[in-house]
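Dropping a structure here in structure tokens format, bear with me for questions.
Chains here go by letter, A, B, C and D, matching the order in which they are written, and residues are numbered from 1 within each.
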């Protein structure tokens, strides 16, 4: 399996994508692959695992704040999918920290950067 | 679903030559990747003008381009220029993707505002190429027009409903006002073409309408009171609305009587409660020998008449206690004990009253489940119509074409309820005055061969966009209701549902 | 109801119009006869018959028939409990014949605690029949000399066949839900063939009296001997456990307060207070019309049974 | 429908060890509806196996497919080649489908990926509940449409045991309703309580599992 030293970040276009927009830090931008989703609720466990299969270091799903999802319950659904994916990774013997869910509003650019940074740190600890 | 053969183009908005230098354009041009067809590279000036759009439209039709990557311009809000182009050039909105080209030169170097470094060019090229890939994997969407029935159903007989009906009438609509003794039995169809079954004085009838306003008032009184009596054993409690009458019945004694008013029992209440509480307190305090204690977590007096009422009550001797967290109510035969912690001083307070009135608006209790079941409109955690979601405020709901106002969504303060009624009417007018909805046919698609009709999508859709197609025994999404969130596709256990602009192929291809 | 059905001591005590007393003996979780002998010694002479439990709470113990036979050798009259959990209709009918052949004269039918509560939670249960069908089976075997399949009980030789002569018991829980069904269920048990009933242990006397009222309204107390179940409270902890953790048991706060008050002064005196409560209950139960006896379930407290019976002035037991 | 849940991943993974080519085969009917073995679950499980193989350095070829039903021969036509190519098939069908796959493809190792649970209904999204025990002699008429055989923990036919409390079964008060409380309430609302006073005789279990493996032969329908 090829490894890709990147985190695939699936962003809800109403929140995560807008939060990621103003990010200019090249180190952050080069360490992620931003993928647009209409809503985090579109997330499937299969997509998360397939992304990891492709060799990505991690998968982050960024949706709206849980109770204020643009599509009412998308963030709730996504967070359940992420939990299932974590359970599956644990069952496989992989680091469940390779999947992460963030709930951000469209202006949370600093939180976006923080989340990516934190995830990288935890991934590095897990592999060291 | 395989992508069609329509060509994908790229347009760079150069804003009158201000965004890209010649050599930059050239550099970009050579690095763009198209999987098929001739390399399409269009540059254009001032795309946000009518003229610019018209010339782009011409080029596109000449080259047979139906899908477009648009790059450039940080001048306008994200997506604004893209949707302008989509409209003017007749591209389905999903078929135009935008790549932002961030300003590369530090501020202050005004002469070359967008001089691009190699690093930036690389990132722009990467962005454009990624979007070409997405569009090449995406079908070209057609649009359809859905007529909007001009009828409006307003459910409710109170001031919010009346205000909504008045506004609608004023704007030339003929709303059906469903008053208290009438009943909404069922609601079929969707935005633009609802069919309501109504029980009115004249019997059961059906009415067509394009939109619905739910303004049915506060329906939880009975449930709320049951909740209060089940929690507190004191025999000397009444709903706040009945406090004045009950207090009048109290036999007078020389040492005087005391009466308590409790607001915010489970949740903080609004101005309507403040007004009722202050008015009742004032009225009782004026009676001989009655001392009134008003308990609240916060009093909302954000309007002049309310402020005056509040001041008046205090001047007349009403004691107002702001409490923290929960208030405890216990009772013996003679009195009701109200105990709490003072929010300001932090000390415990206990007041013995002969009678206490509980405001029911602040009590968590069963909600308007019937209306929710009929319409599909979510209830919030307190059982009020309209889910607890910022995107729905003030008058929207999870169901396109259905709006809420007033008491049923928790606002019982008449001036505000009326304002909401008018606002909901405005929303309806904004919708229906279009006469028809232009709908891009990019809604969730169900593969009939795979669909097991397990109903998961129907249960999961937040907008009631998924229906059962009984003839074909398959689930189907209604394009004008579907919000393209893809939750159904995310849930479908048969992988029968795809959101055409976000198929697995499109998503996975981006990952390389 | 005139003819004697089994000739058991319990049956005769009832027939003589005496207030009957049964106790309980749980077989050991081993093959040691001594355990039974010891427990039997405490109970002998202090009651009219002794229930031998059948793998109670779904925990494996010595078989109730074997333990009952051993107890009988020690001079007790056993009431053999049979649950529907572990045996199908073939095994149960076979055991009824066997028990009767060994001289065991009382059998009490139970649904049985679900295996989920026991020490073999992964086992398969049987429930081929329920307790009411088991009562019917026993009655059919005894009165009609036929098995539940309609076949006659036959002797392989030309001799007269010997049917099981048993005094048939059933349990009743006046505190389970749905409350209104409880009397219906009792009536069904009586119809199915129960000669006597032992109830779940009683603490909530008001609810029991309410149930007895319903029993009398249907005239069931005249058709069946009802024995009120009692379990003395050994400690405050036990009382609270019974109140909080045993489905359907409500232990009144007044009892718990009484025990707690005594416990404050002298921990050792709590048991005596528990016995006093139990004795008070017995006296109150004896006054209720239709209560024909008590069933004393002194769990691991067999040695205090005599004291309770003495204080309740129920000794000596009638010789019938 | 027949309900099932996926086996723990460990168990599945151990089962497939030693095979070089695995086909994960889903079933598009009951187990799709109960979200245990449809095309989505096939994809998830196949991905999980690949990830595990990557971690453990195991070479294994994982193919995926889902057919309409694994309990009918004709539906296998589309995946015949794939099954024949595989060393083993990990079937995400109920026990019926797994066995029938084995019958259709004799000599092929067919492994069960699911634990088949019961005949049940979807109470709400993600919640399934048992309703029928397939006893072969329906008694629902007697009990107001609520089956004590399937829904009473002890299959009692003559009323509730002592463990019925507040409408719940003592075996698991959180999750199991007392069937007899439901029966009582229903019969009361139908004004049929007197029917519950009748003593139900022992049930004939021979019509179901206890009569040996079931077989239905409709002479009028056989070709």
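Here is the rule we go by: a contact is a pair of C-beta atoms (placed from the backbone, for glycine too) under 8 Å apart; a residue touches a chain by one contact, two chains touch by 3 or more.
All figures in this text were calculated on a predicted structure; none of them were measured in a lab.
Peer 1: What are the chains that subunit B and subunit C both touch?
Peer 2: D
Peer 1: Which chain has its C-alpha centroid farthest away from the centroid of subunit A?
Peer 2: Here the answer is chain C, farthest from subunit A.
Peer 1: Once you count every C-beta pair in contact for both, which comes out on top, C-D or A-D?
Peer 2: C-D
Peer 1: Any idea which chain sits dead centre by C-alpha averages?
Peer 2: Smallest offset from the overall C-alpha mean is found for D.
Peer 1: With centres defined as the mean C-alpha position, give me the subunit A-subunit C separation in Å.
Peer 2: 63
Peer 1: Just how far, in Å, is the C-alpha centre of subunit D from the one of subunit B?
Peer 2: For subunit B versus subunit D, the centre distance works out to 41 Å.
Peer 1: So the centre of each chain is just the mean of its C-alpha atoms; given that, what is the distance between subunit A and subunit D in Å?
Peer 2: 35
Peer 1: Note the residues in subunit D that touch 2 or more other chains, in rising order.
Peer 2: Within subunit D, residues 40, 43 contact more than one other chain.
Peer 1: Which residues belonging to subunit B are in contact with no fewer than two other chains?
Peer 2: As it turns out, subunit B has residues touching two or more other chains at 460.
Peer 1: Got the subunit C residues that touch at least 2 other chains?
Peer 2: In subunit C, no residue touches at least two other chains, as defined above.
Peer 1: Can you list every touching chain pair?
Peer 2: Here the touching chain pairs work out to A-B, A-D, B-D, C-D.
Peer 1: Using the touch definition up top, name the residues of subunit D that touch subunit B in the complex.
Peer 2: 28-29, 32-33, 35, 38-41, 43, 66, 122, 124-125
Peer 1: Can you list the residues on subunit C that touch subunit D in the complex?
Peer 2: Going through subunit C, the ones touching subunit D are 84-85, 89, 111-114, 116, 125, 127-133, 136-137, 148, 171, 173, 175-178, 180-181, 184-185, 187-188, 191-192, 200, 247-248.
Peer 1: Quick check: in the complex, which residue numbers of subunit B touch subunit D?
Peer 2: 450, 452, 454-456, 459-460, 492-496
Peer 1: Taking the touch rule as given, give the residues of subunit A at its contact with subunit D in the complex, in rising order.
Peer 2: Going by the criterion above, the answer is residues 1, 44-46, 49-50, 52-53, 88-89, 91-94.
Peer 1: Spell out the part of subunit A that touches subunit B in their complex, as residue ranges.
Peer 2: Counting only subunit A, the residues touching subunit B are 4, 8, 18, 21, 24, 26, 29, 33, 35, 37-39, 41-44, 46-47, 50-51, 54, 56, 67-74, 77-78, 81.
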